[in-house]
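I have a structure I would like to understand better, so I am pasting it below and will then ask my questions one at a time.
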Amino acid sequence: MQNNQLKRHPPLFNDPAWRSRVMTGLVFTILLWPALVLTEFKPWLLLDAQSIYATSRFLGNFFPPAHDPEFLDVVISSTWQTIAMATTGSVLAMLAAIPMTFIVNEQLSISSLGRHQTHWLARLIRQIVRWILVLLRSVPELVWALLLVRIVGLGPTAGVLAIALTYSGMLGKVYAEIIEASEPRATKILLENGCSRMQAFFYGTLPNAAPELISYTIYRWECAIRGSVVMGFVGAGGLGQRMDESMKMLAGGEVSTILIVFVLLVGVADIISYLFRRGLE
Amino acid sequence: MTAPQLRLQNLFVQHPDAVAAVFEGKQPALKNNSKFALHDINLTIARGEQIAIIGPSGAGKTTLLHTLAFAHQASSGVITFNEKSPWELSSSERHDLRRQLFLAPQTPPLPARQRVVTAILAGKLPQWSFATALRNLIKPVAPLEAYQALSRFNLQDKLYARVDKLSGGERQRCGLARLLLSNAQLLLVDEPLSALDPQLAAQTLETLQQEASTRNASLICSLHQVDHARNKFTRIIGLREGKIQFDSRQVTDQMIADLYQNTLPEMKTDAYPLVSHIDKPVCY
Amino acid sequence: QQVLRVSAIPDEAPTELQRKFKPLGAYLEKKLGVKVEFIPVTDYAASVEGLINHKLDMVWFGGFTFVQANVRSRGQIVPLVQREEDEKFQSVFITSKGDINKLEDLKGKTFSFGSESSTSGHLMPRSYLLAAKINPDTDLKRIAFSGAHDATVAAVAGGKVDAGALNISVWEKLIAQNKIDTKQVHVFYTTPGYFDYNWSVRADMPSEMQKKITEAFLTLNPASPQDKEILELQRTKRFIPTKTENYKAIEAAAHNAGLLK
Amino acid sequence: MKHTNSNFNEYADMPQPPAMIELKTALALLALIVLTVASFLSVNIDWNNLFSNEAMRSSKEFLLGFAPPDLSSNLLNKVSLATLETLAMSALGTAIAAAFGLALAVPASGRFGIIAKHGTRLFLNFFRAVPELVWASVMLIAAGLGPFAGTIALAAHTSGVLGRLFAETLENLPKECESTLRINGSSATTAFLYASLFQALPQLLSYTLYRWENNIRAAAILGVVGAGGLGQMLKYHLSLFQMPTAATVIIAMLILVAMVDALSLWMRRHLTD
Amino acid sequence: MTAPQLRLQNLFVQHPDAVAAVFEGKQPALKNNSKFALHDINLTIARGEQIAIIGPSGAGKTTLLHTLAFAHQASSGVITFNEKSPWELSSSERHDLRRQLFLAPQTPPLPARQRVVTAILAGKLPQWSFATALRNLIKPVAPLEAYQALSRFNLQDKLYARVDKLSGGERQRCGLARLLLSNAQLLLVDEPLSALDPQLAAQTLETLQQEASTRNASLICSLHQVDHARNKFTRIIGLREGKIQFDSRQVTDQMIADLYQNTLPEMKTDAYPLVSHIDKPVCY
């Protein structure tokens, strides 16, 4: 019976996609193997008695968190510094990223409407901006910070700009990808009826993509707070620098106080993100 | 009004990925072995005409409407709109041309969470400056017009409802109300009546036709309701397997029967044993 | 009002540096009649760049950072004063492992330097390791840079690495403050002496100002209780003048160790 | 306005518009603006200095210091080994994190009830709030120096990040596809696999790939605390002002990130199509 | 077959956000001032019955079908399925009950990029173990069944096509083919024919009814095609503004006319000036 069916419908059991699917899986496994070797991946080492002892002694240091008023004073002022720098850096990054997002994005392309390939000039411009984004985000913050120290001197400006540069590259790319992954039909139909790119974006894309965009932007802000370690390199201060110092000293109590502040800030970021997304509902 | 508004000559249209879907010819029982969704289409449409497109599912009605809206480039052939060839223009000129037409798709793609009023006023976007468009997002600038457009489909009480809270038919009418706010001269409407009850369907079609004749726009409407097509439209185009079967003002019952005949050639009700009775493939 | 922008290489925790500098800054302000501002950095290179690029006016350099700054600015950096001890500075090698008793025992072990740019935490220990025929890049299992002297001690004491090298004065300070359990961590090698830290300015600073600064440092008197506090924080008895030639040996060691090209 | 008003009278049964923004949202927005303004004032960016001639000259000098990159074969060998190490560390860390992240995102998106949701979120928040550097320091003690500690540190922090990003993506999805399967009796997990996962896949994939790029840079920072790879080399050579050598390392990083970028684009096109 | 399969008593159903949509009573001319989408529904359905639900757009047909599928909890009233009250069970027991029914929604929500074969085999998920479900994602475990189900809607050549590359009617049939793979005893189908041409619509309805009677399942089908409802179904329920207008085996033309009458009470064709002619509000 089955054979008969097979003969009558030869392509039936030839799922055209499954071979490539299995191949992809195989390639991934094969690629992961050398990674395991290169990183000396031996998880059982973690369970070895000596390392458990060392770790628990180190973590034991974390309690109680440091809470002498002098240190708390430092932590509070560092926290504000960090928030201020992270906010400034992220806002600048956002301002720079948004125009680039519009250029890179293909869903909003008018020249490719109804055609199966894009105009070469559009492709070229898009590729150039894509490379700028790659360049911006693949140069480590550290290098940006060092370069900027020479230009603007030691202080928060260098740190803020380093964050703004790197993060604009990241935001530009992620914004573009979020927009591309969102439901395209609402945007397409507006474009097809003659709306401009921007109009189609605000009326078709944004309602679909807004929650995701908000989540990501606020997440980036939060990364900027954690990333304030970099600020330390240029003498801008902030929580990251405090953390770095306490870490180097293995001052567990101080580290845990700062970690608590980090966890609180992350919680705040989550709540803000939630409030805004609910505001959209 | 002497020159036709729209003219298609020897148009062949292909979907970008349609080739892959055909199993590279390995499929023996394929209805239509060609990779073209539309074959050799020739059409001339004068401004103000009202045309119904009918044909079986998968015939290419939606593809044809998209092609007419330059939302889909043909593989070969010529399309002329108001004596211009959109695909020979630069993309921004072509985009300007798009303001003169309005395409209402089969299932209106309205972004979830948007309100009806915003969704409908989006029909005015091509006429608006960017600033107005932005302002309208903060507070609707022309709620009255939206309200009037909705009233004509008896949906006025949903003015500020969210589009994802509408019933199927309400959603469809919401998509059509957007059309009333555009100022297009060519209205391309894809199955506007599919989710509507008979009474509402008749009234909706009436509204569309009235709107088209008031602004002297052409109306091209794909339909499955053959009765409506024959009673309300003077010109009917029958499409089947990507080819124009007829394009006529006098459509006979026989022509209709031929158009839809044999849509399920293989379906003899007991040719396939019922799924639950056949031997299961061994693999599970 | 004129501002003198001062910084220091971050070989210790920046808070510690700031604490150490506070009375000295007040003293200089009074003596020089200008506002003195301390700008902390956590990166050695940033302090070097800062001085060269007119973003800083005076920096507390290590021997090696001074050489780097001098080379990078093509001789535009002038060392003014140094502490008495800096003429014969030393590094110590420490370990928590019983089986490490001499430099040769380090083969196949993990090892931590201080900062890459540190004289006493990297350059000189490396150069004495090389002298003992141990190439840190190939003969050790893995090397790390803890970033600061006290961090090296913490890493060794915490068992992160088998051994480490640091500045003797920080080591002695930690011992004095009872922050180290000497039973657990012990010194197994102490290097010979070399020139280290100094206070440097740019050559384009008015010579009058240079003179005033030098004067201010040299007149610090351990007999006066106020000055004594400043000197104690700097961990010295008195400051002495210094000159570029003092650091030729460091420069040679850096070339030799491949840290200066 | 006159016309509008008279028209409003004619159409008296036109619904009244509801408030466009809720009070809470408006307040949150206001707070955000205040925060931004306060931050800008507090940071007080030195724009003048940024665009001065002096700045141009010194940045040009600094950049020229990098040229020409050091291409000696000895260094290239070292760099390529470090590149592989960084790549392996970041790839493995990200892969582990993606698996954990997805497993945690399902409860965190509220699919197993409100308690599971907030419980997992708390857990994810903690993993995310602790920076890689701190994880690395803990792991360096637990696992000793080397890339393994770095990998685990990356995996731990990234699990928290991806878990949260995934959870929000899953929450933001249109619900119809999954709920149809659920109504018809599929289990929560299979319905999730057949509908939501399918819809979310491009987004999840691009977050993962994108996080991978991030982790290449993070791996670089971890190198600084002793986890090896390109980061340790970069810090070393920058500290020693060996700019041409540092340039080679930076170029290696650029190539690495660009490669991952291209791979990400390719994967999104081909794996999800 | 003595006990009814499904029984509804005094059921009132409300949409969660419908209250907000009514603007807390500020709305003067709301057709239906109550916030209930369904009012006082009483129904008894025996196993194997075939029932059509008709009614104007927004009447509550979709809401009723969702309520029957326990996809929507009623505000008050009792629903019994096979002598069990789903809302009194634990949620896992209720979910087990759901395996016995199948709801095909109005516009089939199929995830973009999914292939037809996967989308259809999802109909078998309730019968499959988790392992099989996983395996099927890698390689379809029962392509033959999917193929046969598709054949019955003449869609077999789209077996491996992507669902977002289908035409409107093809997509709808794809959603229905999923039904054939389920083994449910209660089939709830929401407007299955809306995007199909007349010929295909008749054949599709035929297939659904045949399938239902073969497995002795009940079929409840909302429809806008009154003719089909009257010709093919013995029992017809007329729904209007959330109330059952009639539930009868003998439906007269008058009943139909009453059901749909006056759907557009305010629409006098020239009561509203055409939008393009009225004074534009000055605000833009």
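The chains carry the letters A, B, C, D and E, assigned in the order they are written, with residues numbered from 1 in each.
Here is the rule we go by: a residue touches a chain if its C-beta (ideal position, glycine included) is under 8 Å from a C-beta of that chain, and two chains touch if they have at least 3 such contacts.
Being a predicted model, the structure only gives us computed values, none of them experimental.
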*Any chain in contact with chain A as well as chain B*: D, E
*Once you count every C-beta pair in contact for both, which comes out on top, A-C or A-D?*
A-D
*Based on the averaged CA atom positions, which chain is farthest from chain B?*
C
*Based on the averaged CA atom positions, which chain is farthest from chain E?*
C
*So, what's the distance in Å between the C-alpha centres of chain D and chain C?*
38
*How many Å are there between the centre of chain B and the centre of chain D, using C-alpha atoms for each centre?*
41
*Computed distance of Cα centres, chain E from chain B, in Å*: 24
*For chain A, which residues are shared contacts with two or more other chains?*
2, 11, 16, 54, 58, 146, 150, 153, 155, 183, 244
*For chain B, which residues are shared contacts with two or more other chains?*
23, 27, 112, 128, 144, 148, 156-157, 160, 278, 281
_Multi-chain contact sites of chain D, meaning residues that touch two or more partners_ = 4, 7, 13, 15, 18, 58, 141, 144, 146, 174, 202, 235, 238
*Provide the full list of chain pairs in touch.*
A-B, A-C, A-D, A-E, B-D, B-E, C-D, D-E
_Parts of chain A lying in touch with chain D, wherever the complex brings them together_ = 24, 31-32, 34-43, 45-46, 51-52, 54-55, 58-59, 80-81, 83-88, 91, 130, 134-135, 137-143, 146-147, 150-153, 155-157, 160-161, 170, 173-174, 177-178, 180-181, 183, 211-212, 215-216, 219, 226, 229, 240, 243-244, 247, 255, 259, 262-263, 265-267, 270, 272-273, 275-279
*Flag every residue of chain B that touches chain D in the complex, lowest number first.*
112, 117, 138-140, 143-144, 147-148, 156-157, 159-160
_Please output the residues of chain B touching chain A within their complex, sorted ascending._
16, 20, 23, 26-28, 66, 69-73, 91-92, 94-103, 105, 108-114, 118, 122-123, 125-126, 128, 130, 133-134, 137, 182, 184, 278-279, 281-282
_Which residues of chain D touch chain A once you look at their complex with the stated criterion?_
21-22, 24-25, 28, 32, 35-36, 38-40, 42-46, 49-50, 55, 58-59, 62-63, 84-85, 87-89, 91-92, 95, 121, 125-126, 128-131, 133-134, 137-138, 141-144, 146-148, 150-152, 161, 164-165, 168-169, 172, 174, 202-203, 206, 210, 213-214, 216-217, 220-221, 231, 234-235, 238, 250, 253-254, 256-258, 261, 268, 271
_Contact footprint of chain B on chain E as seen in their complex_ = 15, 17-18, 21, 23, 27, 29-31, 54-58, 62, 106-107, 132, 135, 141-145, 148-149, 151-154, 156-158, 160-162, 165, 167-170, 173, 180-181, 183, 190-191, 194-201, 203, 206, 210-211, 214-215, 224, 226, 260-261, 263-267, 269, 272, 274-276, 278, 280-281, 283-284
